[in-house]
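Labels run A, B, C and D following the written order; every chain starts at residue 1.
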Amino acid sequence: MPDFVSLPDAVAATVRDGHTVALEGFTHLIPFAAGHEIIRQGRRDLTLIRMTPDLIYDQMIGAGCARRVVFSWGGNPGVGSLHRFRDAVENGWPHPIEIEEHSHAAMANAWAAGAAGLPFASFRGYLGTDLPSVNPRIATVTCPFTGEELAAVPAHRPDVSIIHAQRADRAGNVLIEGIVGVQKEAVLAAEVAVVTVEEIVDDLAAPSMNSTVLPGWAIDTIVAAPGGSWPSYTHGYSHRDNAYYKAWDEISRDRARFQQWLAESVMAAT
Amino acid sequence: MPDFVSLPDAVAATVRDGHTVALEGFTHLIPFAAGHEIIRQGRRDLTLIRMTPDLIYDQMIGAGCARRVVFSWGGNPGVGSLHRFRDAVENGWPHPIEIEEHSHAAMANAWAAGAAGLPFASFRGYLGTDLPSVNPRIATVTCPFTGEELAAVPAHRPDVSIIHAQRADRAGNVLIEGIVGVQKEAVLAAEVAVVTVEEIVDDLAAPSMNSTVLPGWAIDTIVAAPGGSWPSYTHGYSHRDNAYYKAWDEISRDRARFQQWLAESVMAAT
Amino acid sequence: MSDYTPTEVMTVSAARALSNDDVCFVGIGAPSAACNLARLTHAPDITLIYESGTIGTRPDVLPLSIGDGELAETSLTTVAVPEIFRYWLQGGRITVGFLGAAQMDRYGNINTTVIGPYGAPAVRLPGGGGAPEIASSCGRVFITMRHSPRALVERVDFVTSLGFGVTGTERAALGIATRGPALAITDLCVMEPDPETNELVVTSLHPGATRAGVAEATGWDVRFAAALGETAPPTEPELATLRDLHRRTNAAHAVSP
Amino acid sequence: MSDYTPTEVMTVSAARALSNDDVCFVGIGAPSAACNLARLTHAPDITLIYESGTIGTRPDVLPLSIGDGELAETSLTTVAVPEIFRYWLQGGRITVGFLGAAQMDRYGNINTTVIGPYGAPAVRLPGGGGAPEIASSCGRVFITMRHSPRALVERVDFVTSLGFGVTGTERAALGIATRGPALAITDLCVMEPDPETNELVVTSLHPGATRAGVAEATGWDVRFAAALGETAPPTEPELATLRDLHRRTNAAHAVSP
């Protein structure tokens, strides 16, 4: 059974400088509250894995948490750039970061391979693209039956994965509904899994025996963090704050404006 | 949108002598009615793929439909042997059959690879066993990152897959609930997919947006076949007829008794 | 009705290229608008798949991101992201994939990764996302983008997604069986690959666009089809439906929930 | 209470070896009875996983097959079969896997495939099913089987599932990190691997069993642990719970639904 602790305690107990950390969630269920807590606790030199870095990694990169980012699409969806991510890559601010760049197909397969305990994933991908020439972690394997050459990438195996979900019961079983993304894979691929939830309930009330439920024994830490996915959303509990995603473009564009936001909205908050 | 036809028409239009055919369903949702129709139409030289041949392939083998069986566990679960399967393998009755034998892990991975359009599946398996020495379709691939040698098997890509499911709507979308097995993979891996259902309804009434639903455009043929999984079962519609599974042991043990059953219960039925 | 924007012509043209039988892998922005416009006009049964895992989705409001709640709520079914990329995209079930581009060359090769050298980019773009495998696994690829000489270039700085390759022949050489870029729709014209060379040539000019204007806005020595057509202007129902969709969408995205 | 069968002792002994924290990959027959007996007695929170995809299942009646409806209905969640084998078994999340055997040798190598040559079998057995990967991926493997010289043999006809290999050292040589056969429970005794050689040695005799009887029923020159124990007989609550379970099960399986 997982530990039930506060968000500060969960982050303090699990995330260390230099760790490889994944805060996943595909548009839906992005664990912003946990990301802010990592910023507040001043973690450094993290390798951050996410398919879509999104605002959460833009904020963590701007705050100086990241040494390396493993990703497949680094934009503010429907809005434009991730300005803090760009500033780090283009100008080395607040410090230079390394990037390991993949396609979505590669990242999704790498998550599935990590969850499955495999060392690598193979898939039909990267055909005719320049990505393998700039990413040494893209290789090939040959089908022993047809001779077809397929792309191969290492499995994701983060030290810590943090996801947000709808709810947990008292035994720590977690229900995920709606766009389930790579939430299950991120939890199962990690050495340590932390799940923030909207609420902890007596009865999980899964709509079906086939619902996406993670057993409590496969999770290390549960945190009650209502609203913890904002400005992302939690299906059944909140809607995506698209206006905030648009507003982020202005907040993040300028270093000073970003630092003001960081001080007021993250560091001063609890 | 799939065709909505009768079971005899569906089998006549899709299953040809010499085809590779899969009638899947893991204990649950085994498409017995379709198997009996294949027997009645006298199909021969089929390569039959199923993880667990079960009574359905015991019957088809005894009736002379099979040239080759690709499988991973060939027993009557909880009861004992599949006597018709054994008689074919041990004594060549009604004629010799070839077998291609795997583990469940290999078969499940081969289904997933087939659904994913890949030529092969790799997994950590068959370690230290004799199966690779008797099955040339078990090979290895080497992880390009760690050097670990993994097992590899060809993807399943049958000419025709037939599954049974709870229900379809008028657009041919199909709901599967309960033990979903490899039903989705079998449909998506096949050249032609036939689904028999308990009922065709106006509203699929899936309990959740995350329910296992196959879109109508991914299916070729829908057949209303209420009770079509008996003596297997359809969650929400029927229970497994465990007494019949036990009775099959006596029916199938003797060739003459089996032939009598075949004449009375399959050939004379419609 | 002459009062429409070049972007509207682009979106309407893209929508018209879709049919009821298409299964579309939909990107955000113009592709999403085009696919949903098709669904709300002549192709009510078209299947829209978003890479967030929603299959057969019928949103009333366009999503801002690729995984807005509206997409799951109106889907036939919503699956995990690994499944979308493995069973549905790689499985060869998508008839049309839509791509946008920061840069595209005459063979439909696309760059959405960097402007300038990869290691020291002048502009770091978002990257490939689903595009590298959309480009190879979908039956056909439709490209929508603004027409400018900085966007339609002689040579892309980085091949994020393969078109027909640097000489127009690499797709076949790599053993890729899908068609590749079948249609590029800009705010000025429609381009299609030459059946012999695979070079994208202008096959239809949008209302008001000229050969000279297109040539000036293209970074390579662009060719025009012998039978150069003119894009039919948006009809009143098309425009009304598209504008209603955008109106609902803007209203929904303007305020915090 | 002396009125119990050797099979009941076997099942009770297997159940006792399980704890609340175990995650068991359950096979049909004796393993299923043992796991559910543990759950209904001293290990109420034990996690039972059946290869049909049911996780955290709590059946009131034992399944006849590995995918009876009871298993899904009482599960915490039911997933697809590829996921069970990839994420849960191969993912290394199972602490105990149960295997039965038609033949087993002194190093816990198991045959459930054929008696006689593979190409011309005297008896064609059901085959491996989940066993080959259960044997390598579960933290520990428990084996339950009837004790007879035809079953506990000098050398198995076919290695369906690896124990410690033909010399007891192959497991480590193959780089397998899991423990392997940790416990073999027959209707006569309990066997455990020698810490040095990995040979299965008798560590506990069931009530009424003798060294001579076990030696006679074993196809190899079986060894006995220096500190040979005696299996505590089934307690009244254990027997009552097991028999209730079987009574419910037999009643449920006797009639067509």
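Operating definition for what follows: a residue touches a chain if its C-beta (ideal position, glycine included) is under 8 Å from a C-beta of that chain, and two chains touch if they have at least 3 such contacts.
A quick note: this is a predicted structure, and the numbers were derived from the prediction, not measured.
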item	value
Labels of chains that are neighbours to subunit A and to subunit C	B
B-D against A-D, pair bridged by the larger set of C-beta contacts	B-D
Rounded Å distance between subunit B and subunit D, as computed from the means of their C-alpha atoms	28
Centroid spacing, where centroids are CA-atom means, of subunit B and subunit C in whole angstrom	40
Overlap residues in subunit D, where contacts from two or more other chains coincide	72-73, 78-79, 86, 90, 137
Junction residues of subunit A - those touching two or more other chains	112, 116-118, 123-124, 148, 178, 180, 184-185, 209-212
Category of the chain touch graph - line, ring, star, complete, other	other
Each pair of chains that touches, named by its two labels	A-B, A-C, A-D, B-C, B-D
Interface residues, subunit D side, partner subunit A - complex	21, 23, 47, 55-56, 72-73, 75-79, 86-87, 90-93, 137
Contact set on subunit A toward subunit B in their complex	116-120, 122-124, 137, 139-146, 148, 150, 152, 154, 177-178, 180, 207-212
Sites on subunit A touched by subunit C in the complex	26-28, 51-52, 71-75, 77-79, 81-82, 85-86, 89-90, 101-105, 108-109, 111-112, 123-131, 134, 148, 178-182, 184-185, 212, 233, 235, 238-246
Complex contacts: residues of subunit A adjacent to subunit D	112, 115-118, 173, 184-185, 188, 206, 209-213, 215, 217-218
Of all residues in subunit C, those that touch subunit A in their complex	28-29, 51-54, 63-69, 71-73, 78-82, 84-86, 89-90, 113, 118-119, 121-133, 135-137, 158-162, 165, 170-171, 174-176, 252-257
